[in-house]
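One chain, chain A, appears in both complexes that follow, with chain B as partner in the first and chain C in the second.
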Partner chain A sequence: MSDLDDLIGQSVPKIEARAKLTGTAVYTEDIYRPRMLHAALLGSPFAHARIVSYDATAALALPGVKAVLTAADVPAKLIGHTIRDEPILARDKVRYIGEPVAAVAAESLEIARQAIRLIDIEFEELPTVFDAEEALADGAPILHEDLEKYASVVESPCAGNMVAHIELETGNVDEVWNDCDVIVEGSFDIPAIQHVYMETCGALAEVDGTGKITIWSSTQQIFGTQMAVALALDLPMSKVRCIAPAVGGGFGAKFITIEPITAALALKTRRPVKLILPRDEDMISMRSRHAAKIRMKTGAMADGTLVARSTEVVLNGGAYSDFSPVVLEASMLLAAGPYRIPHVRNVGRAAYTNRLRAGAMRGFGVMQPTFAGESQIDEIAAQLGLDAIELRIKNAKQSGDMNMGSHHLPVCRIADCLKEIRAHPAFVEAEGDAGIPGKRRAIGISSIVQQSGLFSSSANVRLAEDGTLTVCTGYVDIGTGSDTALAQVAAATLGVELESINIVAPDTDGAAYDYGTSADRGAHGVSESVHRAALVVKEKITGLTAEILECSPLDVEVRPGGKVGLRGVPDVELSFADVAQRGLYVGGGPIIGQHAWYMQEQTIDPAATRALGFRMGGGVFYGFAATAVQIEVDELTGQIEVLQAWHAADVGRVLNPNGALGQIYGGVVQGISGALLEELVWDDGQVVNPTLMDYKISGSLDAPPNIHGILLENADPDSPWGARGMAEPCIIGVAPAVANALASATGVRIRSLPLSPEQVLTALIAHETE
Partner chain B sequence: MTTGHLFTLNINGETVELSAPAGHTLLDVLRDQLFLTGSKRGCNQGVCGACTVLRDGVPTRACLSLAIDCSDFAITTIEGLAEPGETHPVQEAFAEVSAPQCGFCMSGMVLVAKALLDTNPHPSRDEIREALSGNLCRCTGYIKIIEAIELASEGIA
Partner chain C sequence: MKLSNNFIIDAPQQVVWDFITNPEHIGPCIPGCEDVETVGPDKYRAAIKIHVGAIKTIFHVTITTLEERPPEYSKYVTEGDEGGRASRIKATSSLTISKLDEQRCEVSYSSDISIAGRLGKFSAGVMNMIANKLSEKFVATLRDRIQSNEF
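Right, the complex of A and B next:
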């Protein structure tokens, strides 16, 4: 490498690509251990019921059954990301259909599943509540009688079925409505959808002779899993080791799944136990994205200047808190979108209901209000007769502006994102295409703001005897390409070939520390740690070289390709291997660099924004993007087809263009899928479409053949590489862009998702008869 | 253990003698008996395509095929597409454009691509989309997979 930066911004092939393409990458289910048992779960048949008694006699008597566990067999501990409200197996009562009540480990999967059917549990049904607003009303059945006694990290006032209640207000919303020339108001309905990672949740647990449990699982965070298992089973964390093998997607759902149950079965049987959820069980018992009901009101002047926005969000959190309080914080912080709006009030509540718990999902709490907000921007543009893109650019936040609470926005190129899309040749060509009668075409647009960065990360970088480097963080590459990007950062920092970097698989026994794969943390936060740790290694190499050459460290230069030498004297040169061996065997010690940091959160400035129940302060970095879609609506069937899409992302600096574009393509198509196809359908408490046959996601024919990814580079001053997260914004703006395109094409404004043929056709017919 | 039936399968050019219950699928046998774990279980009902293998060159759902019914066919799994440690040109093309993200769907995608290019060496973009329509991917939006197949196609004389 002649230039240390040559590796940054290069589309080097992913380092694990060949393993994934030859079937040799090892996922959790691919691991087999000697004497391994297979596990199955019994899910609750009731949405809300008291557990009266268990009888596992028949199940235990079945030949081949090695253990049956219920809440009676595990410590009475509760776990949870924000409020500790969740037992690993339902205790005393069940709160949703599918909630794990009992677990079996047996010699074969067939036997385990047969035994599940032999477990006899007596339930006493309780009144149920499925709708979030009904759950918050007086007299609703209470899910968690002990809510106020639970350990909690949230400040939000919780009571009854209220998991979180947050309010943020800037300016004086109530006083300015009369000043507005135009006001749009509406209610928006966003259903629960599922992440549909291709690999279902699974774990394998094994106990060694010292009583230490090793757990391999499909997870986005090894340390959080270690803590949850230790807490649930009342063990010190020193007795729990968590490893992430290859992970088949996560999208936010794989933060503690069935690892504690699997570990409990392994402890009970003292044999390796594998538990892999069948797709239907995964869909009814793991997590969904929050269903949301949003009431929003936005006011503007006749020239399009935005004046005020008021947003009320009610999230359906399902039976357990999980990430609900934090998801709601994200909704509240970003409901006003990437615009300069002086008067903003956001009020949010999240409710417990007798449904599947809702958790983190790509777009984390921002997708829902963005659907409402970006729909209303188009409604205002239509009412004022202004161009929808111009209106957005006119009101866009700029670099140096603040978000709510005086959160600093050092770089904000939302206007440039919109302009880039507008100038794209395919966009210009598509703009005039209105389709033909019966097959209307139009373009829709949206702008997006999302936060990234969260909690702590760290890295250890060690120089090996042969001059190669071992990089260890604990960050899990769930398909984002982070292993490759981190290898690029380490290689570029030290001026070595990519092949010299060994990215260590996440293992709590050896990894540095990382919170987990979430909030677009990899590109900024974890790469920062790897870079800083590699710089320490570089400094130590320089120092030891100076000792060897008997010169000042200032006279030592690190040369490309893993070499060091005397500045200005090309002939005097050592290899990294020489220096490493000198340190190990002669003096100076191993060359190891470490970096650890907490991604500084921004806090709410009370002088700027009045806040209630807001704790997290939000992530560190704001990311901006714009999405556009061209759609064709079949007016006979109501079917929408997305013909092509654009996504312009304010990414700072690209580490790996192919990796970045892959995130955009995937996020946009996941967004299209959510906009047009996806909804978890409930019959009261029962999910009635928990299979990929009945819950359709976008296939290759549903996805547009062309997605135009536009990467805007403009270094973030807070990051060594200028890189910012970009994998979440690309899902957020798709649904409003499609709804806006539909309104442009047909005059029909739909405020609930998905924009299914049935819903669109009904609206078209209603519009026709108006 | 459940009573097994004795049968043979021709997998990746080798004849294997097996014993499995009649109800076991080809996917069960590949994964749990032969440890050919490249074929994935994504839905176990024939929707996602992660378990795709080639049966006499034709993409087939291993999760919907009873193992004992497969004796008369030559089965190719992802592990048999190239010699161990080697890669097939289709796999090379997928790697070149960084098509894999989480990778769970990749075995099926690669085998479908191979079968397509065997019968139609220079498919149009729409023919590729059609060929992939039985295989779900949640990470890629299919774009890079399509690009990879186009790239592989360019390498075919």
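Right, the complex of A and C next:
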């Protein structure tokens, strides 16, 4: 490490902060191309229906309309992240209200939207099913008659309306219940919510003279998008180029959105086409977080030692598989929480229903069982008269333990996270009720474990002739600050100033491969690619310097500020620019470093864990954290206010403290929003609150003034800078912490979300009349 | 969306039944209703103007009687859409007329309405409010017309 490695751990401002603050950052909607057309989508008015016929005559006759596209105009191909079950425009059947059925490209957005209303489609209604358990029951209407013929990359069994069935089991759950001194059991209900990214989904596609399509889109994943467009339109990937301009958030939803439709319109019209979804269409037709029904049973000894847990999860996957099988894997892997529980059985199923597809969302499949599990930990503590934090610490996993699935945990500081919160001065002061008439105050806590890292990553670092460096990964900074953190890693590895680093915008035509922005892959996974590629550059600089100075490479030292010199001889010094130019124009060639890898793979030991349908071959690193909240409940209205929150994150090593704290602030507020306010509401398959007027999310006034972020550093030995993913855990523990605080304040245990005033008040009244 | 209401009319049960089950009489009581037409023994067609915020549109609906027990009970289904299927409506409704005395009866009705498409997305908030307002208007006109023998 060089002297400049202290760049790691510095709160350098985000590289793009000024551009975003001044409105000069360019998002997809800001891009205009010559002769560009505008597009609009026609969504299905039926939740389940056969498409009998199309009539686009009137729409095509409208002046300014350049193309009307239906499934009849595109190749009969199916796409999908896990099971390929999804046409880009509904083919033969529609499976949810709002599913894109037709698209129009026209000279203006107004004309496109007018033309949409002129398309006449004859439907023949089919029976519908909206509830996941009803969908899995015998005799339910089947959404995908061809399920068994679909291509799939997952191993979980699927049949009928069952998208996935996964089980993980260790120990002998059924044999130990009688040994437990206390058993808690309950059903938990978590609704679907939406990601509510600031920028709605959008894309711009353009075809060049060779037939190659360039797509700019609001995406978390350029290579996946390239693959999906190529597959859907039956093109080689070499004819598809995907670029991510500035992206206004994603939270897991922006993995293939409307890019294939936009590209198909551009191909048909041979003109650039832009399609930006209005907020309501985005909320009706893109993705939601999985609604979940969870039945959980946890048993413990009188001293608080956890003995067994059994969990059954049913996820509502909506009309298409999307990420459902993988989300379910995450639920199964982590339903037992970060605790040493010897006997665990997790059984999960995900169902197709006639609702909007559910996909990835921050907290990926773990938020739901954590709500159930952490509620039950508090219930056990209450029944045994033990301290809820102490009970968690007593059972916490430790460094070197194994997780469910026999995954190795090299570092696990969950107990320290809990202790840090307990010792925080504001926490100590906040304990107890304030004694305000009509208001009850209490504190609630939750432990959190989430996995991070997924699939493949690579980086390419090149030394320019002026000594600056170009870093290329293909990882998309969707607002997380990853570009800045990766620049810090590259600069620190080579001992140069941050200003010397150029982070290349994600573009499949030039970027190194990266799977995409998900699963907290940046801080540990992608940063490792950048670090190792930069090390190759460093080695090449050293080698070429040795040639120039006619010495051994062992005598060459890289000095801070982009310089190299002869060890022990301060006067003998070259700049990176001198070395780069020597390589380019005298001999040695360009200095380029590359690193490509598949993130650490953890396997299941069948002797320790019985598994069904579980694949999770992607790299699995584990992140640990704890969240606490202090709430105030209004006994008259049932309204809960979060007064302050604590989040302690086991970050390994912090790359950028302000960036990490920003993730905590954002994640906790998003968690509060989900705990208290958010729920997508359906009426007969129609989402009835798809506007920000009817779908309330936390705003700045709803955020507690004090969110205490605690960053615990203890370098992860598996990570080159010791960093670990930490953004997803921030959202996971908020809802259980609020529910636990509510139980502590009022004695009322609520097992469904959101904890709205209506629900809380009804429960308070029922509790008082008991 | 569920809608229900009940109200008392100062008129004999049979008079109310005859009025309510006659499309030419009931049509004008429905706010925005135009062009009621009988298309079969148990089937009517109507065009209904609806105004939601900036959206002004006409729903073309068909009303089919499912069950009838004169002079006290009727169950019917209303189905239709806007041109171009931008929105679709389907409602199952029932109507009960209970005799209170010779000159008075109570009318109660309930509807289970599902609206999909561009108007459906307002169902949770503004549509509910509008439906209740239209319902009030309907009752007022109906009562007015029957009680003043305007038919």
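Methods note: the second predicted complex is superposed on the first by the 761 of 770 C-alpha atoms of A that agree within 3 Å, B and C clash if a C-alpha of one lies under 4 Å from a C-alpha of the other, contacts with A are read in each partner's own complex, and residues count from 1 in each chain.
In this section, a residue touches a chain if its C-beta (ideal position, glycine included) is under 8 Å from a C-beta of that chain, and two chains touch if they have at least 3 such contacts.
What you see is a predicted model; the values in this text were computed from it and never measured.
Undergrad: Output check: A:D509 vs chain B and chain C. Expected answer is one of first, second, both, neither. What do you get?
TA: neither
Undergrad: According to the contact criterion defined above, which of chain B and chain C contacts more residues of chain A?
TA: Greater contact footprint in residues on chain A: B.
Undergrad: Is A:V681 touching anything from chain B or chain C once the two structures are fitted on A? First, second, both or neither.
TA: In the superposed model, A:V681 contacts chain C only, not chain B.
Undergrad: Based on the superposed arrangement, let me know which partner A:G248 touches: chain B (first), chain C (second), both, or neither?
TA: In the superposition, A:G248 touches chain B alone.
Undergrad: Could you look at A:T480 and tell me whether it touches chain B, chain C, both or neither (first, second, both, neither)?
TA: Touch partner of A:T480: chain B, not chain C.
Undergrad: Pick one for A:D208: touches chain B only (first), chain C only (second), both, or neither.
TA: neither
Undergrad: Contacts for A:M693 in the overlay, against chain B (first) and chain C (second): which applies, first, second, both or neither?
TA: both
Undergrad: Using the superposition on chain A as set up above, list the residues of chain A that contact both chain B and chain C.
TA: In chain A, positions 691, 693 sit in both the chain B and chain C interfaces.
Undergrad: What residues on chain A touch chain C, complex-wise?
TA: 43, 45-47, 97, 116-121, 280, 284, 681, 683-691, 693-694
Undergrad: Over in the complex, which chain B residues touch chain A? Could you list them?
TA: 1-2, 31, 35-45, 47-48, 50, 77-79, 81-82, 87, 91, 94-107, 110, 125-126, 128-130, 132-146
Undergrad: Quick check on the complex: what are the chain A residues that touch chain B?
TA: Touching chain B from chain A are residues 11, 13-14, 16-27, 29-30, 32, 107-108, 110, 195-200, 246-249, 251, 276, 278-279, 478-481, 484, 656, 658-659, 661-662, 665-670, 691-693, 697-701, 703, 705, 707.
Undergrad: State the interface residues of chain C toward chain A in the complex, per the touch definition above.
TA: Chain C residues touching chain A: 1, 81-88, 90, 114-117, 120-125.
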